[in-house]
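Read from first to last, the chains carry the letters A, B and C; within each, the first residue is number 1.
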Amino acid sequence: MTTGDPLLQLTDVHKQYRSVRALRGVSVEIRPGETLGMVGESGSGKSTVGRIVLGLERPTSGSLRFDGRPYPRTARSLRAIRRRIGIVFQDPYDSLDPRFTLRRIIDEPLRTHGLPSGRDRIAELLTSVGMENADPDSYPTTYSGGQRQRIGIARALALEPDLIVCDEPTSALDVSVQAQILNLLLALQRERNLAYLFISHDLEVVRRMSDRIAVIREGEVVETGPAAEVTSAPQHPYTRALLDAVPATRPSERHVDANGSADPVVAA
Amino acid sequence: MSTVSLPEAPTASGLRVQDLHVRYGERHAVQGVSFSVAPGQTLAIVGESGCGKSSTALAVARLLPPGASIEGRALVGDLDLVDARGRTLREARGRVVAYMPQDAMAALNPVQSARRQIAEVLSFRQGASRSEAAAGAVALLAEVGINEPESVARRYPHELSGGMRQRVMLAIALAARPRVLIADEPTTALDVTVQAGILSLVRRLTRADAMALVWITHDIGVVAEIADAVAVMYGGRIVEQGPVETIFEHPEHPYTRALVHAPRQSRDALPKAPFQAIPGSPPLGEFPVGCPFHPRCEHALGPCAQTMPPMLERGPEHSAACHLLSARP
Amino acid sequence: MARYLATRIGLGVLTVFGVVLLTFVLMFVVPGDPARTIAGPRATPQILALVRANLHLNQSVLAQLGHYLAGIVHGDLGVSYVQDQPVAQLIIDRLPATIELGLAGLALELILGGAFGVWDGIRPRRSRILAVVNVGLLSVPAFSLAFVLLLLFGYKLSLFPIDGGTGGTRIVLPALTLGLFGMPYYANVVRDAMQETLAAPYTRTAVAKGLPRRAVLRRHVLRNAFSPALTMAGLDFAILLSGVVFVETVFGWPGIGQLQTQAFYNVDRPVLMGTVVVAAVLVVVATLAIDLIRMAIDPRTRLETQ
């Protein structure tokens, strides 16, 4: 399932915003049907990687290849690649236009790329995300956060992409709903041999979702490896720090103690 | 701050909330919530969006938006916060009850320095002079674990990191030495490595001052880290409460069980194995008739859809509201 | 900071240059022969040729533009065709009156609008009074407002001079007209900002501190609530400085607006050009001043300059 040539390959990618070095030589690859989990804290550059992969931003230097071919430089030729890469956003409230019906939301990528759509196609997409009972002519505001995220996933699937960039896809959702969405993503991957770039700040969720993990900090990938290995035998101290910061599952294992010994003094 | 003479705050008495209701017009967001927190202890109120946990927090802190109405009692010593009006209420703010919100960036005035925002509590509430208040602000910043307090005091909110902003909020909340601190998800927006520092800091400071701490969260992991006691809210009510060990080791309500077990099951699961999920989503706006959890409960019986189960004693200080429990004593 | 100022001033010079270029081109599309305007309808071709040579009108457009720009650098804006005086002198004579009226009008707009906005903003519900006053003022054309004030306070009550007087009170009616004309906009902006600021989490923080209500308003609400009004005032001030034609006309106020109107009817090119150039310079200076004030008030805006 995860053998063969990489679907996506980033080699020594740098990104500079004025004086800020957002990415300092990121090299990762994703094979077809594989999930690469990218875990890091705010400001680590993980979302910048996502935007570069989607072709929304150009790297300052470094090479980007999709399906063996370098990313083209013109916007027109980039469309062909964009068609094969979907996106699921973090906030299902912001990312769906409240004035559009579900039909129009899901239809839009198809029409943008001049592809056939239609009643059956919409129904099929809604069914594939467990929303078979939803009325295509209803509006997103009538749905809960979890249902909206399903609609967002249906939109991402419309173009039958090979890769989906999931940028914190469950961070805005309730705890009990997160698991449903993650299960849906896992099932869709099995059915369709999708590859995911799964971006999250939550190491535990990344471990569960990924074949391989890249730990990113301050624009650099400090550790990569199979999910189980990175989380059970971390090599980099930062990975260990992230693992240690995952909250306990029972009070007898808590790290925080009342005397404040787990309290690192914040540097000014 | 040593030069400021403090009027004696109500002596350590903790917080007792009895049958609290919050309504926004027709919407009955909190439907009879009761709990108490002893001085120096931490109660975690855990629940999902729309469960009424934030309304409970704002009601006790008396910071609900105009148009919301409160009923019930929230007692700190002899003072009922729900009843307090005018000068009594203003005197109680900050000194009896303080509030720490989730989004520190929005909760700090963007055009004032950290020093000014902390110092005004000292000058208005404790009659500190200008220089005393300024020095007091720096001392408070040091107390909340900031390394170079003089330099941080001069900065504006947008010049601070998320963790430092939340520490400034904590300094503001603690400035008038409150008896009760209501913390409404103050670490939710922070990175995990920063969150751990804030959690232990708040716990240490509230213990040292014998403050009653109410910590609102959606994150059961934070509950495991910080709480002495837990109240689980669902659909505007507390569905289970008890000491933290009891809640984590012997949960009785199906919702609590799902919440508590999910992270452990996850830790044991292999990559790419399916997650344990509760079907459906938490109710928003209108709560279902009967037990609010019954539409999502795999054990639901006939009565669950008809009547709200009463709160049943399950052990020392442990109670739960579930029809299954009356059938199975 | 020095670098920021240098950049802003550089941009300002560019803006003024652009305005000069644009108006210069526009002047050449305007029909009419300035030489004939100056020399009169019965001038001989020889006189016309002489006049043209004097004014460089016989040269190419580019050469004329060059002459004009060189003049600007030396503070020379040419000579009025009609009044036979240096344009710079004409403008300088009228500038104080314009600035005086502009400042007075702006102050009244801000005070009236601000007071109304704050009064309405601290109430939980929108007051009917403000709505009625606003709609009333907005639906009256500005010049009829001026006439109403003139009739009421000038003729009927004889409180203020009607026209051409010299006392300190003669500014009251024109300034009041400007103030009442601008008030509804400020009142609305301030009221909306008040309500937003009152509902802001940092106001809740101030309440939670147990500050007296007046301290909450004074220290946390008002400063933030006036921020959008300040931006508006900056743009407004620039407009007022370039002369408000209707008020100056109705009240006989000897400002730049009047000068401009006369120049327009006389096709007095140098005066028209001069007023436009001066207005451009004033707009650039006023916006820079407002941005500097903003920086002093709101530390977040300082970030962008570093």
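Heads up, the rule we're going with is that contacts are C-beta pairs under 8 Å (C-beta built on N, C-alpha and C of every residue); 3 or more make two chains touch, one makes a residue touch a chain.
Since the structure is predicted, the reported quantities are computational estimates derived from the model, not experimental observations.
A.B. asks: May I ask which two chains are joined by the most contacting C-beta pairs?
C.D. replies: A-B
A.B. asks: What is the chain whose Cα centroid lies farthest from the Cα centroid of chain A?
C.D. replies: C
A.B. asks: For chain A and chain B, what's the span in angstrom between their mean Cα positions?
C.D. replies: Averaging C-alpha atoms per chain gives centres 31 Å apart.
A.B. asks: Could you work out how far the Cα centre of chain A sits from that of chain C, in whole Å?
C.D. replies: Taking the average C-alpha coordinate of chain A and of chain C, the gap between them is 52 Å.
A.B. asks: In their complex, what parts of chain A are in touch with chain B?
C.D. replies: Per the stated touch rule, the residues are 35, 41-42, 144-147, 174-180, 182-183, 186, 201-204, 207-211, 227-228, 241-242, 245-268.
A.B. asks: Going by the contact rule set out above, which residues of chain B touch chain A in the complex?
C.D. replies: Interface residues on chain B, with respect to chain A: 48-49, 145-149, 151-152, 161-164, 167, 191-193, 195-197, 199-201, 203-204, 207, 218-222, 224-227, 244-245, 248-249, 258-259, 262-264, 266-267, 269-279, 281-282, 284, 296.
A.B. asks: Which chain C residues qualify as touching chain B in the complex?
C.D. replies: Where chain C meets chain B, its residues are 124, 199-202, 204-212, 215, 219-220, 223-224, 297-300, 303.
A.B. asks: Under the touch definition given earlier, write down the residues of chain B that touch chain C in their complex.
C.D. replies: For chain B paired with chain C, touching residues are 61, 63, 65-66, 90-95, 98-99, 101, 103, 106-113, 117, 120-121, 124-125, 156, 158-159, 169, 172-173, 175-176.
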